[in-house]
Amino acid sequence: MNTLGRLFRVSILGESHGECIGVLLDGVPAGLSLSAQDFLPDLERRKGGTKGTTPRKEEDAPLIKSGVFNGKTTGAPLLVLIENKDMDSSAYEKLKDTPRPGHADLVAKLKYGGFNDYRGGGHFSGRLTAALVIAGVVAKKMMAAAKIKAEANVVEIGGAKDAKGMERAIDEAVKNQDSAGGIVECRVNGLPVGLGEPFFDSAESLLSHAIFSIPAVKGVEFGAGFASARMKGSECNDAIVDAKGRTATNNAGGINGGITNGNELVLRVAVKPTASIGKEGGTVNLRTGKQEGIVVSGRHDACIALRVPVVLEAVVAIVLADLMLIEQKIGRVNTR
Amino acid sequence: MNTLGRLFRVSILGESHGECIGVLLDGVPAGLSLSAQDFLPDLERRKGGTKGTTPRKEEDAPLIKSGVFNGKTTGAPLLVLIENKDMDSSAYEKLKDTPRPGHADLVAKLKYGGFNDYRGGGHFSGRLTAALVIAGVVAKKMMAAAKIKAEANVVEIGGAKDAKGMERAIDEAVKNQDSAGGIVECRVNGLPVGLGEPFFDSAESLLSHAIFSIPAVKGVEFGAGFASARMKGSECNDAIVDAKGRTATNNAGGINGGITNGNELVLRVAVKPTASIGKEGGTVNLRTGKQEGIVVSGRHDACIALRVPVVLEAVVAIVLADLMLIEQKIGRVNTR
Amino acid sequence: MNTLGRLFRVSILGESHGECIGVLLDGVPAGLSLSAQDFLPDLERRKGGTKGTTPRKEEDAPLIKSGVFNGKTTGAPLLVLIENKDMDSSAYEKLKDTPRPGHADLVAKLKYGGFNDYRGGGHFSGRLTAALVIAGVVAKKMMAAAKIKAEANVVEIGGAKDAKGMERAIDEAVKNQDSAGGIVECRVNGLPVGLGEPFFDSAESLLSHAIFSIPAVKGVEFGAGFASARMKGSECNDAIVDAKGRTATNNAGGINGGITNGNELVLRVAVKPTASIGKEGGTVNLRTGKQEGIVVSGRHDACIALRVPVVLEAVVAIVLADLMLIEQKIGRVNTR
Amino acid sequence: MNTLGRLFRVSILGESHGECIGVLLDGVPAGLSLSAQDFLPDLERRKGGTKGTTPRKEEDAPLIKSGVFNGKTTGAPLLVLIENKDMDSSAYEKLKDTPRPGHADLVAKLKYGGFNDYRGGGHFSGRLTAALVIAGVVAKKMMAAAKIKAEANVVEIGGAKDAKGMERAIDEAVKNQDSAGGIVECRVNGLPVGLGEPFFDSAESLLSHAIFSIPAVKGVEFGAGFASARMKGSECNDAIVDAKGRTATNNAGGINGGITNGNELVLRVAVKPTASIGKEGGTVNLRTGKQEGIVVSGRHDACIALRVPVVLEAVVAIVLADLMLIEQKIGRVNTR
């Protein structure tokens, strides 16, 4: 459903063109300093605004509705909302019967019997990643108490891995009213040995579970990932160099047997190109049943991957914070 | 932990060199025909025995211990065990203090304070995938009642995608006492629209969660996956061709917005090369604290990917069967 | 934690003297008619206002923040908030160091390291039962679609079971600045056979789990309940009178072996007397460590049991609605 | 379903006349000493054998199938089975079409479409409480590490609270081929303040959830329980006597606001009289649809409440051990 986690639990809610989006956090340790201002830097990072991201100005003013008292978390459920403002839903009326290819418009209509809020993708909107970012800020605070830091970066756009090539891919996408995909990498340092379980709750299982909730992600790999499928065992095995488990190489990406091994956690995600493009795509008119061409007008991200890093950091931090609580590496009350 | 699923729940147990391995299934619909024989074909497929897989003869005689009466499932918890026989654990004694690189030996020791059963990897052993296969057989029966079929195949070994190249990669690995990685693909036909949830329980989230519990998997991708990161939006978007959501291409791999769209489900997993190899690797002697060379003797799979397809089918079926129950596409009692 | 349910999931939030209280509902079927007005009758019932309940005028104006579009539920998470207004928290400052006996003041302080919002009981406040009532209204709509109705009534106050005796007990409590306990009974008609599981998720387990989240409840019994402990088997066994499971008597209260049997569900809860009273009680001053007398001033319910029926109906409906979804007696989309 | 707990998870399985009954435990801390012998004292207590309990000689030889190595728990899933022996199921064939009143025979048949194992109650059998007892032994070991002890006793039989009266009630039941109900009380000392959550996972919620999985329990109360409904607030409130939360009286039974307050935990359960009696009851013949008299032959417990204490201790310990892990009062590895 819309909830993730065992001891630190994140539930998201809201619609793109409804009253608000938001997140409910349960299991947050009491005693963490928290104010609405703390969310702004990461929300700002998510907004984009640079070349290749939408110029649409979302006003993301987070409101803490519960769970904080005198500037500290109380241990009670923490609700944060962002109210939606100045939405123009008129453009979506005409899309009601012509589902956008690459979007969830049609599956949403079919799954929910036509009762879904279709405006701007409704609950499926990428706008809900702002709720993930908010949860991530709290998770990062929990992790910071244990001196752990997650950092994500775009490492590839349109097949290019260098800055110039990435820029060229974006320029081309903008020029052609098209879009470009990309790859985002996240690294986490300072993790203890022992997070995760041997099978169903392996660290990779839990991380990928959370990561695939980010819209547009179509692949996840850890360490050498897909490249390891082309390696020999003698290349892929990481030589152990000390009794704490430090390894000479890190093809495992910090996880052995589903459990963190104390080395850097490294993962990469494939982000498909933005589905909303100015070029014509093919759809079906649900009234007539006939195929039609469709152009998604409005201002869109030429490369949504550019906005993914802060969201990826957030969901990674959410999962790891939960595991840190489970393994008793973070206390239930923040006493520092 | 070691449990997966919401209405159809799978828990695995056991150790490689303990008394048994097994699986406990909860929420199985009553009235499915089931006998121990039903498990044999898929267990046989998992065993390997062909070139590139271990010649070790595991006798996998599954015993149904509860949940079946008069040849039919009863709706009560279903326990199936495979007893371990003729194990020679002596080889593992010397490995106790020299953790094998690429294995979970050291993380297991550190996580469980040295109390873990280290023989043959203990609970972390690939042998537990037989338990997954057993659960998969039951899940496939549930799916078959809805005319849904999952099929997985090896599509790449050592970088080669054609049969000759794959064979060459295996031969080379065997010859060099080394191992080769590979890629396994799973396709599922007949799925209804609407399985999965918009965010945390997206179909991709739940599938990847289960898939990363398979040892040696280091990457998962859906549809075009990582290749979509190099596509343009105009290439990647799948044109919708009818009101049921059929699309002209299937870059989405059968999932939009986290929800199955009625097209073929397509996913691929990266399997790293077998960690146990006859070539020397580097480790640390935990008694002396000094680095040492290590050769893992015994008979191993030169390419563990060859044994993954039936396991991948199993976990995919497990997840989908649960979603089918949740969406009421399968009944709680099998009345056919 | 603060979440209940498997397919229909209820999470509550908020504090008595914070910004708001509220409830997040996940798994609500799409297509149910729902407006803020629908919550008012049950919220009104909860308020009391009659003799024996607090004259404090809570303005309970529920706001639907997500999950409803064009007057129907969408299938997406449904958030409903009630903003708190005109609170006077000054009275609670002096209670900060003198925890009220019979309340959670001290355990909250100890559990959350002193970071809890202590004003008016904070997150522990009985005011959060309004959030339960809101969830109950949605659950009742789900149940109504299956023609099932829950109804709760006060059946005993201060030991009296007749109207005059109850009134006398209340009058006496009011007069003496004291309070009275009571017993509330809930009956549900129209339930199908088969809700609940044999052991850990027995219908009694799930119902009592939810019921003990209502503040002041200290006992739960089903059917003959504690009286059955004084019965003989020949008296207690309910003779079965038809093949559908109808019974001549109903000492089982509608549940056999943890599973609804199609007869009327009958349960009773013991509600302790309101802890906040004008009579002096004993506490400890946390600054001085010395024992002190304490009088809880303000307007309180002389008999909180009077306000429990609608809350009890709500949690019972929440549990049963979830079970109805699990057993596929309610659809995921409301098509009526 | 058949699983309980969040970090310490208990799943039960098996049938009365099937191959075995058993329990799967997940999340058991590594490093606890454990052998099959450790289960025998509590299994012996459950067996009864004294006057008022069945003379049937169940051979309860528990077999540890996984999760223990060198006499210590490993942290991996722990499976314990008891194989069923010398069962005579012939008596149950004739009961197949005449469901026993007071039993789950008919609901089981209806819920599972007739596929349930009806012999001896199948999965619904009271015999499965042996599995609870086994789980309880492990939970008690976890609790003992924190110096916490649960102890349960029969405090009332057939309405009598003194030993002579209880004995008389049993004698009478035996003489009349009837049965007697009773009340069992459990007390736990040494609990820390802070176990449980304010609402849905209140300590009372979690405990009652587990307790109602014990067959024949029809009521649960904490502290003064139902008696508190007849108290005045000034009588019921427990005066706080020190800053740790010690109280002068214990009407709350050790729980305030859903959270343990550090005082003795006290709860009582109502156990209905054994449903299987030699006196005739009324049922329906499912073939003919006609009402019939039924006598349940065989050796039965005249007072099943006599066998409940060790089972009650077990489920209480299971819940508290889980909460101790969640609140980090017990470590993930037993280092003592």
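Note that the chains take the letters A, B, C and D in the order they are written out, and that residue 1 is the start of every chain.
Methods note: a contact is a pair of C-beta atoms (placed from the backbone, for glycine too) under 8 Å apart; a residue touches a chain by one contact, two chains touch by 3 or more.
Everything numeric here is computed off the predicted structure, so don't read it as measured data.
Counting only chains that touch, the fewest steps needed to get from chain A to chain C is 1.
More C-beta pairs in contact connect the chains of A-B than those of the other pair, out of A-B and B-C. Mean C-alpha positions place chain B and chain D at a centre distance of 37 Å.
Mean C-alpha positions place chain A and chain B at a centre distance of 26 Å. Distance between chain centres (mean CA atoms), chain B to chain C: 44 Å. Within chain D, the positions touching two or more other chains are listed as 1-3, 7, 12, 76, 111, 123, 198.
Touching chain B in their complex are the following residues of chain C: 6-7, 76, 198, 326-328, 331-332.
Residues 1-3, 7, 9, 11-15, 18-22, 24, 26-27, 30-31, 64-67, 69, 72-79, 81, 111-113, 115-117, 122-123, 333-335 of chain A are the ones touching chain C in the complex.
By the touch rule above, chain A contacts chain B in their complex via residues 1-4, 10, 12, 99, 101-104, 106-108, 110-111, 121, 123-124, 128, 156, 158-159, 173, 176, 178-183, 193-194, 197-202, 204-206, 208-213, 215, 217-245, 247-248, 251-253, 256-261, 270-277, 279, 281-284, 286, 289, 291, 305.
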